[in-house]
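Written out below as structure tokens is the structure these notes cover.
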């Protein structure tokens, strides 16, 4: 039984608390949060203890931590937990600063603890099935990847201000997905972005609509489309074109009801947002972490993967300003 | 070059005139209609001659006739044209009277001319592909057939009065489709019907909503659903369940545009009615007739097929009144 | 907190144990099973007590029972639990004997306890959404209902022998669904059935392929298709045709991955069987029961509903033998 | 009756000959081709005259020409036909040289004859319906456009050599489509391309896999994906994301048959290539030309549209080499 300390009792912390508890091989041993009331409430709900972060890290019974606190604490917590010998699952992104993230990667390199990044979409059964099929060569050699990724509605500007910008906050998921499906990093990243959805986002210097193009040394190309708004719901699709065909992930819809009337044929919208769409993925992600920790195997998403996605976000941010392609090697 | 006389210049006659003209192996040599103005107009449009039916039948240059006149003239015309040695394509149904149709079949048996019935749906590329796949055993042994067949809107009551009733006028197409897909006739027909769409139809003693169940001697079962009204358009679907899977024909929609908004995902309706949906089928049907006539081969839908479908319609009409299954053998 | 005794620790009992445990308002207080090892194992898994049925029924702390034992025990247990004042959720069917079921309904009528039947499909989010839309008049007046319901593979003959036959064991779900969507009982039931899938089923006097037609006093018609085998998986669909359009529930597929190759466009199969497809429905069903019990409201599926569906199954069984429609009123 | 001279009797010329003949308002008055046998055969098929280009242009009865000859003859023929006062429908592209095309545009500017470019996809009923819906604001303000356009298989290298390269030969259709849907020209074009499909294409200095990104002065973005190969057939899709939703054109498939087996759910592939997919579009295009000529109205696709698309192709070609965005204004 893996005893787990949860650091961060906010929205995503609650999702993880449920996953930890429902998994037959793990147990929620303590909950910490910068806001004590949050920690207390979540601990009460799961009949476990509220702890400080320090108590979690120093508790010898706790062998794993799940870091779901604010982004600016991730690197410090990863380093401290690694030093304390804990297995770590950390929410994305590693940090907003690529430099800080690289330093963190370097520091924990020798700690010999599993450090997994929470790129939940890799564990979505649809994306996972597609990636397996691609890897198995079901459509031959990969040639062209297209990712469509739109949020249902933009976040508040207060969120935008601390988000690191669309490329680091939102498209980072798609960069990781590209790495997952393509099996490695691109050579260059080009990006364009604009503010079409909410002028307040533009006033913060950020974009809400963006396209990135990735090129690979072997000629493959990937395209990522992002928007902070899709009136019809969370749009999460992917197409991989290969020499023998195409593999596609469609949206997961709210239900399978179809209504045919004089107005046309109407079917349900995509599930509203990530908590709905990716709820199964969080449980599968957690199970993969537990399995890796217990078996001593490699975690399926490494801290280096987190740094790689961040480097691509950094490259895209630079490219959107300079209108030049940015080489990933120059950043890593 | 097959020279063709067209008897009947109404709505469906016009469809056939176009098919005859566009086919590189046939030529519209004359047009007859009980209403002379109709014949004259259609003949002018295709730069051919208006003729009387007698002129068509006695014209030695004309080797084929297409009978698209009113139902009550079909048998007389088939018999006369067969006696005149013409190849015949006749619109469905053979007649409203099963007895008359059987007499016609018997009379032309010795004429040794091709007589083909215009069950256009067999030539729809979708239904034809399904039938081929079934016949090729792609889903193993057939077990259960389900036909969904709804018109977009009921015809005027004046039409209903002379139609022979829903089973002879509308479901007869589905009976023929069942024979096409199942490769033969059922043993029994049971039917229920009611008047849900237009009370005026009920006042004429007819139904507008009906279900027929067919049983086969080897245990197979078929179900046909009909309604005179589908607010969303012409609904023409079929599912064949077999030992190794299921084959289905979906509707053909007006276009492939999809609109996703806060109200859901909206796609186009089925093509409105038979002239839209089955326009390609009429051309293919005509080509099959020309091919059979020119090659001396068997026509793909025989007069006996027309009598068989009519017998099933008769059986369904009886069953809807008696609430008893009716044996097809008792009628043929 | 609703304390619940679970009677029956087999496959479906385990599903319910999970639902009871995961619901924040209920608690699994004890598990009984005719096979003690089963009860012990399930009790251990959920850290609760193994009990005898008698202990559950006499335990004052337990206010609800979930009956998931073999069908032949359902009526006795409902009557005993009702006499003991427990709220009851009983798996379908009430009994294989309509007479026994009616007696049970009569006996518990005065007990004033909630008795809910476990027709899980009513709680499937797709069917529930369709029923709501129908009830809200979104497609006008209902006219024609079509239910397609195929199992992926036939059960062992040992199961068939005690199942009561296809109509009581399998189609009973569809009869209840028809009642749910149509908002009441039909006037007559006609059915045909045959043995197409497994000759051993036929040797037991049962059918594995069947169609039932229901007529309603107001002219509506419903059709149900059943087969014990669908090579492509559990096929659970429904179409309701109304005066203003059509509402349809499509299958829930294993994933949303589409593969396009030279062989065509391939998408995932329907979820394999009821445990996969209806897992969310079991949790929603349980929540509806808890809500009804705690609020003192009406349970959403009554014992009378269970008797009604059984009467339709009885009617279908008779009709399949007699080839005559059977009146439901004659059975109730 | 519009009398039409057809210049070019190759594959696409034959398509136009059929459209001209079938239209009730136009007549094929003569056919010219650099290869006399081709002209003679097509003229014979349509019972019209073989002519030289000069005979067509000097024939006073012929008031319109359809230019379907090789690309390098387009500008000369447009200029000659315009000087001869003929209405002109010319196949795309105007020329491979942007400079030559601009000169042509300038030269015919004063001729006061209708000159229409044959961008057939604008007349595809699906793309046309989408464009109408976008223009009507059905999804609010346009923000992001994505075009997916893959050929089923690469052309022979001999074709590649004279094609002007992927951007001028293939993506030019998509550039025009972007202009059609977005209602105007982009500010910049960026493109990347590589050779993934056929090394022989790369040896000619061309690419077979490419992505272009277009930016607009108001912040809108468009992405175009091209490949010379899609094993599953001609992939012609488009998505337009707007402030109130998304509009999409799906592929048109060969039929609507679906096969469900243990291997999954299989549906038909997209229609194989442009002659299949866009056959209806050619007839509609021709009708639009006839309508514009006869009414004296504006042709729906102008020579300037042809120059614009060519400028975008030129920009993409330059960008793929320089890895810099190219401004369209600098080219026009």
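We just call them A, B, C and D in the order they show up, numbering each chain from 1.
Everything that follows uses one rule, which is that a contact is a pair of C-beta atoms (placed from the backbone, for glycine too) under 8 Å apart; a residue touches a chain by one contact, two chains touch by 3 or more.
Please read these numbers as outputs of a predicted model, since none were measured by experiment.
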**Prompt:** Does A-D or B-D have more contacting C-beta pairs?
**Reply:** A-D
**Asked** Which chain's mean C-alpha position is the greatest distance from chain B's?
**Response** A
**Prompt:** Once you find the CA centre of chain B and the CA centre of chain D, what distance in Å lies between them?
**Reply:** 40
**Complete:** Expected list for chain D, residues touching two or more other chains, is 139, 230-232, 244-246, 260-262
**Message:** Under the definition above, what is the set of chain B residues touching chain D in their complex?
**Reply:** 22, 125-126, 129-130, 133, 138-139, 244-252, 255-262
**Prompt:** Mind pulling up the chain D residues that touch chain A in the complex?
**Reply:** 139-141, 143-144, 146, 148, 150, 190, 192, 194-197, 209-211, 213, 215, 219-221, 223, 225, 227, 229-232, 235, 239, 241, 243-246, 323-325
**Prompt:** Inside the complex, what are the residues of chain D that reach chain C?
**Reply:** 230-232, 253, 260-269
